[in-house]
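Following this line, the structures themselves.
The same chain A turns up in both complexes below, where it pairs with chain B and then with chain C.
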Partner chain A sequence: MSTIFKQYEGKIPQQLLDEVKENLPAKITDAKLKKILEEVQQEYDAAVVDSGECVGLVCAESIGEPGTQMTLNTFHFAGVSEMNVTTGLPRLIEILDARKTIKSPMMEVYLKEPYKHGEDIKKVAEKIKETKFEEYIKEVTIDVVESTMTVTLNTDRMDLVDIKIDRLMKVLSKSLKGFTLKKTGEDILEIKSNSKDEPLKEVYRLREKIRTIYINGVRGVTQVLPVKRGEEYMIATAGSNLKAVLKMDEVDTTRTVSNDLYEVEEVFGIEAVREQAIREVIKVLDAQGISIDIRHILLVADAMTMAGHVQGISRYGIVKDKPSVLARASFETPLRHIFNAAMIGERDPLNSVIENVMLNQPVPVGTGLPGLITKVKQ
Partner chain B sequence: MAKSRSRKKEDELSVFDPSAHELVPKHEKLSDKEAKAFLEKYHATMKELPKIYINEPALRPLSVKAGDIIRITRKSRTAGETVFYRGVVDE
Partner chain C sequence: MTDVYMNSKFIGSVPDGAEFRQQIIEERRLGKLPEQLNVFYSQNRDELFLETAAGRGSRPLIVVKEGKPTLTERHAEQLQKGEIAWSDLVKQGVIEFLDAAEEENAFVALEPEDLTPEHTHLEVSSVDLVGITTGLVPFAHHNQGARLMQGSKNQKQAIGFYAANYYTRLDMDVNLLHYPQEPIVRTLINEVINTEEHPFGQNVVVGVMAYKGYNMEDAIIMNKASIERGLARATYYRPVNAEELRYSGGLVDEVGIPDKDTKGYRTEHDYRLLEEDGLIYPEAKVKEGDVVIGKTSPPRFLSAMDEYNLATNYRRESSMSLKHGEEGVVDFVLMTENEEGNKLVQVRLRDQRIPTIGDKFTSRHGQKGVISLVVPENDMPFSASGIKPDIIFNPHGLPSRMTVSHMIELVAGKTGAMSGRTVDATIFNAEKEEDIRHELLRMGFRENGIELMYNGETGEPLMTEIFIGNQYYLRLKHMVKNKVHSRARGPIQLLTRQPTEGKAKEGGLRLGEMEKDTFVAHGASLLLKERFDSDHVVVPVCEDCGLVAVYDARRDQYHCQQCGEHAEVSPIEMSYAFKLLLDELKSLTIYPKLQLTGKY
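Right, the complex of A and B next:
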């Protein structure tokens, strides 16, 4: 029996073979099995896209039409009012155009044992979040006579992320050039200007500056949100920095992802981008309740990653690489393409569809694709 | 977000092996013999293949040079598993 299956490997996809195997009756003769597989292959071959089929056009229509029905709004992240997520048409355009800067970069940070069971989840989340000095300040007072600033620290907040006052002072002193930093109590810091002329003015200026000093966390992550997904806990973030987050000990490096395609490309490579683009598109469509055949999305993702780096479906992306001048001109900014082509004397071999449509010739699609070859009698 | 997107820039993360990540499918290098047979089977030339850059994160565990062919075994949503090929290029 297995030898018969072997014969069909490569002719029928493995998934179909497995399905046949599963659904076979317990006893079956080789002849009958052969007949079944033959029929399966026939059906499969009939379902395969014919060569010359204009899949791109069908794909564009199939994504374009449901796209008109999508909402233009962003909606709020489940339960949390502050987290805005780009969805719907704007997000779809973002993905397909392969925008360099996306409106709401996000990460899904999965955690290793034991953190994924919710242990210290808040602590880990706070560790990921980019924290400025502002958040550790309880109170700031300025002594006008002495020209000193006294900062009372928020110890609750410090305990949450396990940061000690010495560590804070170390980080602060790096960015406090021209000031003297002194610890005057358990949670009190005193800052004095070294400047001779206008120490008070300096101190006032510092009061604003000191709030924005980066202390700890992953740069770029502005919000964190522990979420329970199924059995385990993970952390959704607003702001993305895969490189930094993957270096953390608590983070599961096999599942953590970002929705920024360029970041995924840099860290995981082009194949990961293809997969992530598909997932992101599906996510958008699912949220809108739109169903598009997955094959169209696969085709788009393949086209976007064909060149080895991410390319959007735009005149700077995949259209730029089209060999035909007329094809490029037909997409966007036609005059520029035609001028440039004229300047360098480009040739157009008219191999593709759109240029032949322009020139009113049969297009190389479907039955227009094959040419005739005659055997000359000798 | 100050991050460099330069493909060439090396940093500490270049030691990170992404092949364990769920987004990354299996990458294998074809031997010279396999590569020749592959090109013959599909009547293709290296130039016509989809490309993959030589300094790709996913290629770090393999030792490849420009002109190699990479076989990528993807999990497919429609066929269970599919095989895809990319030709290695240097920029």
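Right, the complex of A and C next:
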């Protein structure tokens, strides 16, 4: 039996051979096995892309056509526990264009051993969330005569994140230049201006400023949501900051990802971007109930990352690198491309599709690809 | 304090906005303030708006006081006797007109039964909830809103009897239905808009079934005998106009048969129908290309030389003729003068339009479709009593669209037709479906409108029961005869040498960018090249400088304008559009050099 399999090694990929091996009935004659493998090879050869088949265009059609059926804006989940996420066509465009700033950056933070079973999940989540001083305030009163501001702190909230009043004061004092900070009770802070001429005005101004002072958590993460994925717990966030999150001890650095391709590129490198782009596109399509052969998506992801950095399918991205002036000019901003080409004396070798359509020459795909090899009589 | 705005302009303030509003309304009802004055008080913003501006839409409502309408039985009696008029009711403050803003302050009841002490107004009729065309949809309260919109939109395009004096009119592009009928199933609005004098459809027998797969995707099947009996037959009228325009220098157009030496003279055959005055005679049968009004115009530009040349044979031909694909009969010829005192000639063409495959029809429920097959009557399915449908409608149009009213009309129409009466299907006030069904049952039919039917070709009973009934069907003005278009060869554009666009210019049908992509995806590259050969040219190109060379036909020689007489020139195939691009680049002082290489 193994000798038969040996024969087909190299003709059929190992993965397929293994699959055949696994699914074989217990008793099988050599003749039957041979027939099966023959059939498999035929199927495999038929599935291989022929030379001269224009995979790029078929890919564009295969993604573009179902794209027309996508609902423009999918439901905004009017629930408590779901976040508002860009999906559907806007998100797909965002990914394929490789936008620098995306509408809803998100992370999926996976956790290490004890935490992934739900232990202290809320605490971990709170630790990730960026908090401003505003959240710890219960009440603010201003004494007009003394020009002082008294802040009553929300101790419940402080206990949840395990932050002590001393630490709060330490963080606050850094950004309170020109004011004196004093602890006057268990949960009361008093702030007085050092200014001589208009202390009251300063205090009023401070009342607004004080709310936005950063206290702790991961900068950029505006929302956290602990979710159960299968057996384990993980945290979905709105707002993305991979660098900071990966430094945390609780976080499983091998699986945590962001949906921001540029951030993924910076932290994990270009291979990760390729993988993440594929996942994100599939996620959008699945949500819409659209199934596209994954090879088309792989091709797009390859095209976007083959330069070694992220490039969108746009005139600033991969179209920029097309070798043909005419092809670039026919896409967007024709004059710019023609003028630039004229200035440096660019040469168009006319070896892709669009230029040849423009010149009414056979396009070099399919039947237009093979040339005639013959001796011409002199 | 409430700020008061008059027509969006601040005019002052009052202590209590709500009270002030009440005061204004009362004064208006007493007739001390104009009827068209509307007032709107916004509690959130504490602002009061008075509106008297022109162009606001407003609608009448019955005033309600303490949960009772101010309109009484007595008013109704007086109205009926003609003792009082609508305007009296408005003067009495029984009816008032509210605009969109004031409606925000009102609490309107739809029916008198719904009234509570909180209500401020009552609808004059519940039909008011929808507009006129939507009110024409029978049993509209059974439908989804979007379907009502479509139902009313379609009805606007129906062919009917639009004016009794149509024979003396010269309307552009109108259709006239030959045997219009009033609907059996009708609404109150049908009386209001006087459908009796301007009917716009016909009551036909509709069978809801599939027919050999010919009525897929909203298509309908029509009975050939019904068409021959005049079902949905119409006449299409189109006027052709010509005016003797005056130009500077005392030159004028002239209606008449053009001389043979006129610039642009057609053939004698084209002018054969014209009489001496250059006009066609009535009842002449005309086809495409035939001249209907003969006309000549003075030359466009008068050069200095021409002024000495006094001969008139410089005139241009500018006759009016039938366009590509048109035909008809001359119905009416009119010669008159327009406002500027110019001679005006109008010829009305008439063309009988018998329903054919591709013509558009609709019921009143947004269930539009085109004829896909005309079936001889002997092949139509028939019921036990021998009834054959005029139209076969596909049942698959119903579940997803949920036009329940369509089905109810079918039953109601059947009932009305069998008992010889009309059925009231006004929105919210229609006759009860149950009663209609009972009536149908009493006449010996199945109450749900279903009947056993027989295959018209074999005579065997159909194994499915068929829903069949009567319905008001409308023929819509979109007819294939006005739209069919094809081209093999034809006119091209001057600039690009590509085919012209559009039916009016006998244009080509474009193989667009996405269609091009499908050819490429199939690898059919040489076929694609052929399809794009419409502006194919062979251009001589200089092998040395790569620019387009010149062919000197007199000496049968090529020469390059850059490299001179003895340049090596090769013929190169390309699209004319690309040659144009090269020329345009040159005009931008960009040198597009073609580097030629051997093909082999």
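Operating definition for what follows: the second predicted complex is superposed on the first by the 337 of 378 C-alpha atoms of A that agree within 3 Å, B and C clash if a C-alpha of one lies under 4 Å from a C-alpha of the other, contacts with A are read in each partner's own complex, and residues count from 1 in each chain.
Following the convention adopted for this analysis, a contact is a pair of C-beta atoms (placed from the backbone, for glycine too) under 8 Å apart; a residue touches a chain by one contact, two chains touch by 3 or more.
Since we're looking at a predicted model, the values are computed, not measured.
Trainee: For A:370, using the defined touch cut-off, is the partner it touches chain B, chain C, both, or neither? Pick first, second, both or neither.
Mentor: neither
Trainee: Could you let me know whether more residues of chain A are touched by chain B or by chain C?
Mentor: B
Trainee: Have a look at where A:323 lands relative to chain B and chain C in the superposition and call it first, second, both or neither.
Mentor: The answer is neither, since A:323 touches no partner chain.
Trainee: Output check: A:185 vs chain B and chain C. Expected answer is one of first, second, both, neither. What do you get?
Mentor: A:185 sits against neither chain B nor chain C.
Trainee: Please work out whether A:114 is in contact with chain B alone, chain C alone, both, or neither, and reply first, second, both or neither.
Mentor: Neither partner.
Trainee: According to the stated criteria, A:306 is in contact with first (chain B), second (chain C), both, or neither; which is it?
Mentor: After superposition on chain A, A:306 lies in contact with chain B alone.
Trainee: Does chain B (first) or chain C (second) touch A:262, or do both, or does neither?
Mentor: Only chain B is touched by A:262; chain C is not.
Trainee: Which residues of chain A are in contact with chain B in one complex and with chain C in the other?
Mentor: none
Trainee: How about chain A: which of its residues touch chain B in the complex?
Mentor: 13-16, 18, 100, 105, 219-220, 239-241, 243, 246-247, 253-255, 257, 262-264, 266-272, 275-276, 278, 294-295, 298, 302, 305-309
Trainee: Which residues of chain A touch chain C once you look at their complex with the stated criterion?
Mentor: Per the stated touch rule, the residues are 52-54, 57-58, 60-61, 338-339, 342, 347, 353, 357-369, 371-372, 374, 376.
Trainee: For the complex, give me every residue of chain C touching chain A.
Mentor: Counting only chain C, the residues touching chain A are 516-518, 520-529, 532-533, 535-536, 573-575, 577-578, 581, 585, 588, 590-591, 595, 600.
Trainee: Give every residue of chain B touching chain A within the complex, in rising order.
Mentor: 1-3, 5, 7, 11-13, 16, 18, 20-25, 27, 50-53, 56-59, 72, 74, 76-82, 86, 89
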